[in-house]
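I'd like to ask some things about the structure below.
Which chain is which? They are A, B, C and D, in the order written, and residues in each are numbered from 1.
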Amino acid sequence: MAKVSIIVISHSKELADGIVDLVSQTKQEDVAIAAAGGTEEGEIGTSVDRITGAVESVTTEEGVLLLFDIGSALMNAEMALEMLPELEGRITIADAPLVEGAYIAAVEAGMGKTLEEVKKAAESAKEWKKIED
Amino acid sequence: MELSAAVMKQWALRINEKMQEHKDKLSELDQAIGDGDHGHNMARGFQEAANKVNDSSYDDIGTMYKDIASTLISKVGGASGPLYGTAFLKAANAWKGRDVLDSEAFTEGIEAAVGGIETRGKASFGDKTMLDVWIPVRDEMKERGVDTEQANKTAAKEAEATIDRVAKKGRASYLGERSKGHMDPGAFSSQLVFEALAEVYKEGAS
Amino acid sequence: MAKVSIIVISHSKELADGIVDLVSQTKQEDVAIAAAGGTEEGEIGTSVDRITGAVESVTTEEGVLLLFDIGSALMNAEMALEMLPELEGRITIADAPLVEGAYIAAVEAGMGKTLEEVKKAAESAKEWKKIED
Amino acid sequence: MELSAAVMKQWALRINEKMQEHKDKLSELDQAIGDGDHGHNMARGFQEAANKVNDSSYDDIGTMYKDIASTLISKVGGASGPLYGTAFLKAANAWKGRDVLDSEAFTEGIEAAVGGIETRGKASFGDKTMLDVWIPVRDEMKERGVDTEQANKTAAKEAEATIDRVAKKGRASYLGERSKGHMDPGAFSSQLVFEALAEVYKEGAS
């Protein structure tokens, strides 16, 4: 069964690749996770082309969830969505902390949840208590 | 007032020259309230756009600016890439099929550009972004028609006015009050855009 | 004047290094930020020795704020604190999203804020609306 | 019941042998509800600890277990590093200055170890962690004194009991209900710790 895929967008290639490494460790069956980090010149920044490329590399019927690091990455993520009108309804951007959101999104995707559910789970990572009292 | 395809091409090339010339200043401004790459971003993006324009020949101003927009979107790594890219893409749509722009047509493009920046960045006038320059320039054009010399003056004045503002959008907004006292880099690059317009219009007309 | 330093702890070396790259871009004057990512063998995991090493490399009078990615990194961060009793009161761990927290912590540290203030700011990154309605 | 320094050394070495032997199973268990590295972590950590113990000679059991603890803390990349490390460190403190442990002294070490795991990981009995094994073993020792064969049986039974539980702590807790149906890897490695104890005690006594 197709599962939701995840795209990690960051200004830093290392950062995005590192998250994919971290998350892939949990080996969620059939969950594809791709990094779109840095510019095409390998500098700090984001690239619409890298984002659309990453999306195309992992698109499934269940859809694709995009997570991003800071501000301007969102603009490029939104541009990418506009450039992929054929994916409308199957692609969305989460308002989630990048590392924590990607981790939990992968776990939820692994459970076969829908795109909307995976997005909600990623966004709920904001409310994680990482340290207990 | 009329802007031919040739002048519109010169505009793009002149913007590039200005970005190269002021690259360091743009980055210094960004260093103060951002991440210091605005000059680098603008210089690279517009250089690629200029190369593209030089390598092609266009009758249709819309097609020309669509190419410029795509290049900026692809080649600028920062926020200014999608912002300028969207601006010129929306303008290009407004200019589609035209080989010359009268005051009204040019203004339509600028209006569309501002709409694009607003949609993309969700900022408003006064947020200390490039919009602080684009909005007043657009308003003036809508009211009185295109006067490139006036647009240049307004852009310079409005870029200056960003100094005292607190950033509400973009990276600089994380600084809160500390963003005061510095000109917004995107406002300055936008000033250069209109400075370039005034120059090429004057040269084209003479 | 001494400013608060920041330690980015992650299971992935690339992830931690990438965050340091991203944050360093904003060049906060006199703010030291160090990565403690991966194990000493370069595998996915965390290492107390790497954390204490990173802390020692950037300790200032104003103190050191530690941020971490997921669960077991916290245990190693807490061990590191216990191994550095001489820093008591000048070292603390933030319950913050890693990327977003590190970014805002660096900015606040750059403003010369106290350790407690920088920690609060990092933790407030949870409440960031990354996408506006 | 008495455990000499020699038997306590054998315990550490035997734990290592068990971790090497069951490395794949430990990782498989972790694969199902974690990140699949528990076997790797345990095998590496205890191998280093065994090397350390083999390269040194100790009269003081406390010093020996302090070295084991430090090695685990430094060499295990996962949660189990600080957890087992803290456990043995706390036990080492309780065993300081002793070259032989009677039932009471050994139990004090186990009590301290459990306290250490609790403080470090903030888990409770029933959270589907290694504590689900350590706590009942400790309780039994406190009540009836050290019976290594009994501890071995209890550990095995309690590790088995984690299968039906939902993880509340550690990586597996992210899975929620999906963590049911698999034995907790740390519970199994803890079972091996007590299995090793029963073996070396039996051999030492014979």
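Everything that follows uses one rule, which is that a contact is a pair of C-beta atoms (placed from the backbone, for glycine too) under 8 Å apart; a residue touches a chain by one contact, two chains touch by 3 or more.
Note that the structure is predicted; figures quoted are calculated from it, not measured.
Per-chain Cα centroids separate chain A from chain D by 38 Å. Averaging C-alpha coordinates per chain places the centre of chain A 31 Å away from that of chain B.
Within chain D, residues 35, 37, 171 each touch two or more of the remaining chains. Along chain A, residues 11, 25, 44, 70-71, 103 each make contact with two or more other chains. If touching chains are joined by edges, the resulting network of the protein chains shown has some other shape, matching none of path, cycle, star or complete graph.
If you check each pair of chains against the touch rule, the ones that pass are A-B, A-C, A-D, B-C, C-D. Chain A makes touch with chain D in their complex at residues 25-27, 103-104, 107, 111, 132. In the complex of the two chains, the chain A residues touching chain B come out as 11, 38-41, 43-49, 70-72, 75-76, 78-79. By the touch criterion given at the top, residues 10-19, 21-22, 25, 37, 44, 68-71, 74, 93, 95-100, 103, 125-127, 129-131 of chain A touch chain C in their complex. By the touch criterion given at the top, residues 35, 37, 41, 73-79, 81-83, 85-86, 120-121, 169-171 of chain B touch chain A in their complex.
Taken together, the chain D residues at the contact with chain A in this complex read 31, 34-37, 122, 171, 174-175, 178.
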